[in-house]
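Down below are the structures I want you to see.
Two complexes are shown next, each including chain A; its partner changes from chain B in the first to chain C in the second.
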Partner chain A sequence: MIRLVPRSHFGVWSTVFPLLIALGLTVVVGFVVLLAMSEQPLSDIWTLLTYPWQARTASVQWGFVLQKTSYLAVIAVGLSIGFRANVWNIGAEGQFAFGSIAAFAGYLLCGMPDTVWFLPVMLAFGVAGGVLWALIPAALRVIANTNELLTSLMLVYVAANVLNYVTTGPWKGDPKAGQAESDPIHQSLQIVSIIERTDLHWGVVISGGAIVALALVVLFTIFGYSLRVAQNTPRAQRFAGFSPNMTIWLSFIISGAMAGLAGAIYLSAETGKLIQSENYLNGLGFTAIVIAFLGRLHPFGIVAAAFLISYVNVGATYVQSASGVDDAVADLVQVTALFAVLGTAFLSRYRVVFGAQAILGERTA
Partner chain B sequence: MSLLIIQILAASMLLATPLLLAAIGELVVEKSGVINLGVEGMMLIGGLAGFIALYQLQTSICTLELDGVCFASDNSVNQLQYIGALLIAALVGAATAAVFGFLTQHFRANHIAAGLGLTVLGAGLSNSLGGNFFGVDYTAAIVAKVPALFPASWTAVPVLGPLVFGQNLLVPFSFVMLVAVWFFLSHTRAGLVVRAVGENHHSAYALGYPVILVRMLTIMFGGAMAGLAGAFIVIAQIAPKWTEGITVGKGWLALALILFATWRPGRVLLGAYIFGIVLALEPRLKAIFSNMSLELSYFLTALPYIVPVVVLVLISRNPVMIRRNAPASLGQAFEPRS
Partner chain C sequence: MKGLLSLEQITKAYPGVLANDAVDFDVKPGEIHALLGENGAGKSTLMKVLSGQTKPDAGRIVWKDQETAIASPQASKALGIGMVHQHFAVFDGMSVGENVALGLGRDFDASQRDSIRETSEKYGLPLNPDALVFTLSAGEKQRIEIVRALLGEPQLLILDEPTSVLTPREAEALFATLRLLRDEGRGLVFISHKLNEVRALCNRATILRGGKVVATCVPAEKSAEEIAEMMIGTRPVPTRKAAKRIGALALSVDGLTNDEVSIPSLQVSAGEIVGVAGVAGNGQEALYALLSGETLAAEASSISLHGQTIGRRGPGERRVMGAAFVPEERLGHAAVPDFSLIDNTLLTNIQTEGFQRRGLLDWTRTREHSEEICAGYDVRHAGVTGRASSLSGGNLQKFIVGRELIKSPSVLVVNQPTWGVDMGSATNIRDRLKALAEAGSAVLVISQDLDELFELADRLCVLNHGVLSPTRPTADWTAETLGVAMAGDADRSAAATLVEERAT
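Moving on, here comes the complex of A and B:
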């Protein structure tokens, strides 16, 4: 007989223990998947896990890992604020797109400046764009009681079409390009790499700063405390004088700002111009949802999860191209990791009791 | 003009059917107190499964062969092969949903987190598997068109031809399922148990009903219906090719339908056809305003996503109506009291 008994003591162990089990499960399933798909599984697993260390272009690989980590983490930390309080903004992809559009609009509005000092203004425009797009579902929720989860998601598709509109219409650049795209922003506004020829650029540092700032707010301020109250005991939130509507507004503003910032950095550092949505948006806003849950909605956990997933992705991409293993491996590892983390979360609230104790109940436990 | 109206109606039936199928499944799931936000993911995986199954099942005769490699082939599909592919899609959808069921029911995971995860990961997984599934690149594969149920001469009959005889097998099936689910939920004992579990799982458990088993079954039913809906989109609407992210948010439209319908089957039908007409109007409006520039046409493309937002806003302004029909235990994790 197996029985679940609610925990009476919560410590570090009750948080870490389920995560260790989840990590173990993920590793085992990843092994099995590679065993089934690969012809030389052992060397492939070794390559997958160590590629960023042993590649001849190690700095390039590490740059790629950190760059991907920064985008995922900055969006996911923003989303986790709302998720903690049961405010479901799943439209980060749209806010990301709108951040890019707004950053570009700001660049045009200010007369296409050609100095690096304009970069902070451009990023601020991006943040404002993300917030603006996120305020639509927030307002509909507060004013008309509309399910914010569905409206924020629908607005992703609208934002993608707005991006298509501006790149084929008013801001259309080179008509001979193989895709609909705008003219590039000025060279001096394109974020440069910290290390030559790598993807490790100053945008990663800016994202890191935003993550740290937000983590401090969540962990050490009254507002952060109110969010945690809202998460654990929704009714106490009201008694403590925190307004649920204010939680909705702030959740959307913060998550929209972070996604908008990521969109503006992406515009400046990766592409340098707006491109039609199919070639510009690559699901970062959706993957960030998974990262937020993988990190158990905690800032440290999210950064760790974003790093692990990016690390595995880089290795998996290489293994796929080198030995012809499906690139489904990386997706399968993500699936397993998320389901393992969600499936073991109950272990932080319950103890598993085996044998006679389970039948006799808590008296003997 | 009347011809145009009939065309729009026929097209909206084609477009409303997957929404209706997925929404009927999710309706039963939510009536049992579970909210599964993974409809879109299950549709994507089910759709790919149906496409792969049909590709493998179809009769293929090689017309141009050089050195044992086939360069051109003549493909055909009969109703039986089509039904086979649909069954596989439904089974794969149910299996995907079972993962969600185990996580939320047995391991007490958060419904919303597990559902969102299912959608995001279903999208990623179907993209990578579709590009290379046991050595075959399904983005390059082509399946034959599914034949109509009735002979071609019947389809030529005015009005009834395109609206009734020219339709795909799953269109009448969706109506049958709607009536069946309505009857099941409101007129059978088993349906009463499902609703009891959804209204108050503690009372249902105290009465001796297997709460977790009932919910597992409804979740798997919802998954099967979502798988069918996905396969319908891939095989009947967008055939002959499969592309990444082929459902473009139809799973979320199905979820919006449930809110619109306030959990009543009749209104699910109404909502599905309203959304279906909007989806059918979009390309025709583009044809009418054919001198409209490409960039403005993107606003018409966004229309099927703007309309649901507006509809949801209008319906949500009356909280009483939503609360009256919403299952009371919706989305709450069930932890048996001891």
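Moving on, here comes the complex of A and C:
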């Protein structure tokens, strides 16, 4: 006999335990998939799980893991604020793109300054761009009561096409490049690496700072408090005197700002220029939605989930190219992890009791 | 056959609490046996044992002189035990007949329709099997539950606080039905907080306190005060109406109307308590929301606070002007269930001075304030960092009321101040409300509890079908006249039954 007994106390263990089970399930499913797809599944899964350590270029791999973690985490933490308050912005990819476009526009508007001191201004332009793009679905929701899931998603494709337009039209750069792209920004505005020849750049630090700042805002300001109240207790929210529409505006502004910041950092640190959307956007804004839920909408959880997914991704990319396994493996692992985490979420609220203990449990419960 | 049911030395422990401690309880055929006790005294646990929802750790269950075990709700039903729950388990979108059939695990057909009609007529429970449930009053929904239980031919019927949602007139009709069932030789268990009802209806009463039986008596031979004393252990303070000084007009409503309620006029002055009586679902929630600002009025001028029009101002602005509000729902409205008491303290103090410094929340100050509330208003808790949802109903209500009273608001609007709260906490809260008015605040109490209103209010009015009557001094009302004013529902359903009978 198996019984589920509600937990009376929530501790660290009740949070960590289901995550460990989810991790185990993910490894098992990943192994089964590799078993079907690869000729040497054992060595492949070993490589997949340990690649960043054993690679000859370990520092490069770790840099890549941390860089990817920072983009995913900064976007996901922003999204989680709205998700907790039932505001569904799934268009972070578009806000990311618009953040990049706005940062570049700011650079052009200010006369292409060639100094590192302009970098904060450029990042601020990026933040503003992300916010601007996020305000569209927010306004549609508040004024016309449209479903923000649809509008925010559709605006991703609009933003991608705006990016295509500027890189083929007004801001078109070198016509001999193999892709539509703008001219690069000045070297001085390109964020540099902390450790040479790795992807571990100062943008990672800026993202980390943004996450910490947001966490402080949520914990120590009235505005953060109002967001926490809004989470699933809309009546208490009105009782306290907060307007539900304010929650919608603020959720979109925050998630847009974080995605816009990520977009501006990406422009400065990774590419140094705008490129046509297929070669510029790589789904970070969408993956961040998964990360937000993998991390249970909690900042620590989100950073951990972003790290894990980035880590596995680096290994999967290598295995893909090294042993010719289809590149769907990384996506499969990611989706499996999401299902496993959501499927085991109930374990943080309930204890599972087996066999004779189940009957005993009923006595003492 | 001596007895119908006898529970002997029933013991049931939950972590940290002995819910039933060697409880003896028996029901004879042809009697109505009251089970009394404060919230948490162990009544629900005992009834769960009877309905097969939980197994006792120790003790014997004897049914018709044979020892038995009740392993499941199905087994309980099969023995002949019927249950009428406090919260109705009926589906609003289905007809009466479909609801009854669903409860019995059958299909709704013509023979069902006849048996429902037969049973409902026999026991004075008028019901139209084809009526849709959402059109019915609370009293009618309860009749569905009773008819459903009766169709299972129970020899023992348990009623859990059956009158809590009824008008006095509907309650009288219910009592007639219960007496009829008793006279047929069935046993009835009647759980209630209302001691006058118990004294009028029940043959015997068993009183639980802290999981133990403290007394068994014939309720008609005891006064309500004596029974209350057995329930809570100490003699409740007799009510005393102090001579009051009525001050300036504080809260005034003039021609306030929306989709749900219509309030032609209402005035509350400093130093007085005005009561709003009414059966649940007659617009109390809407009235509360308009007064608190959670729903804005169409016209700013329709509500005034200290002479200023506030109809278009939200709860925060009204609080700044000295008003405070206590909604009915504790969890999810007055408090965020997953928040600590500290976080919940801030909920109505966002505009209060001293809780912010340069835009940042002052958690130290908030924490101190939450401790002051708990200490000053007798909130028993396991630490202010504990979740609101972990407090008992009575303690959470004391916290929620205390959070407002500690501010000494000049105007307090409170909806159902002691709903579902144990008697000790309820007495405490009422005394605090009286003290607030005596100190010169204007208090508006919306309540379904007539005893409470008679105890607290200087003036009373009635909310019926969303319309608020003019107020009259409490001394001018009797329970009967108040009951008639509240009884719109009962009248309407009786009329509907008549029309329906003529049609068939």
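One rule holds in what follows: the second predicted complex is superposed on the first by the 325 of 365 C-alpha atoms of A that agree within 3 Å, B and C clash if a C-alpha of one lies under 4 Å from a C-alpha of the other, contacts with A are read in each partner's own complex, and residues count from 1 in each chain.
In this section, a residue touches a chain if its C-beta (ideal position, glycine included) is under 8 Å from a C-beta of that chain, and two chains touch if they have at least 3 such contacts.
Fair warning: this is a prediction, and the values are worked out from it, not measured in the lab.
Q: Scan A:168 for contacts with chain B and chain C and give back first, second, both or neither.
A: first
Q: Counting only touches as set out at the top, which of chain B and chain C does A:132 meet: first, second, both, neither?
A: A:132: touches no partner chain.
Q: Using the superposition on chain A described above, determine whether A:142 touches chain B (first), chain C (second), both, or neither.
A: neither
Q: Mind working out whether A:236 is in touch with chain B, chain C, both or neither, as first, second, both or neither?
A: second
Q: Given the touch rule stated above, what does A:220 touch, chain B (first), chain C (second), both, or neither?
A: second
Q: May I ask you to decide whether A:287 touches chain B, chain C, both, or neither, giving the answer as first, second, both or neither?
A: first
Q: Report the partner of chain A that touches more of its residues: chain B or chain C.
A: Touching more residues of chain A than the other partner does is B.
Q: State whether A:194 touches chain B only (first), chain C only (second), both chains, or neither.
A: neither
Q: Go through the superposed model and pick first if A:155 touches only chain B, second if only chain C, both, or neither.
A: first
Q: Intersection of chain A residues contacting chain B with those contacting chain C?
A: Shared contact residues on chain A (touching chain B in one complex, chain C in the other): none at all.
Q: Which part of chain C faces chain A closely enough to touch in the complex?
A: On the chain C side, the touching residues are 13-15, 55, 57, 292-294, 314-317, 319, 325, 327, 329, 332-337, 339, 343, 346-348, 350-351, 356, 359-361, 363.
Q: Which of the residues in chain B come into contact with chain A in the complex?
A: Within the complex, chain B contacts chain A at residues 37, 99, 102-103, 107-110, 112-114, 116-117, 120-121, 123-125, 127-129, 131-133, 248-249, 252, 255-256, 259, 293-296, 298-299, 301-302, 305-306, 308-309, 312-313, 316-317, 319, 338.
Q: Give the list of chain A residues in touch with chain B in this complex.
A: 83, 88, 90, 140, 144-147, 149-151, 153-155, 157-158, 161-162, 164-166, 168-170, 172, 283, 286-287, 289-290, 293, 326-328, 330-332, 334-335, 338-339, 342-346, 361
Q: Which chain A residues qualify as touching chain C in the complex?
A: Against chain C, the touching part of chain A is residues 8, 220-222, 225, 228-229, 233, 235-236, 238-241, 243, 362-365.
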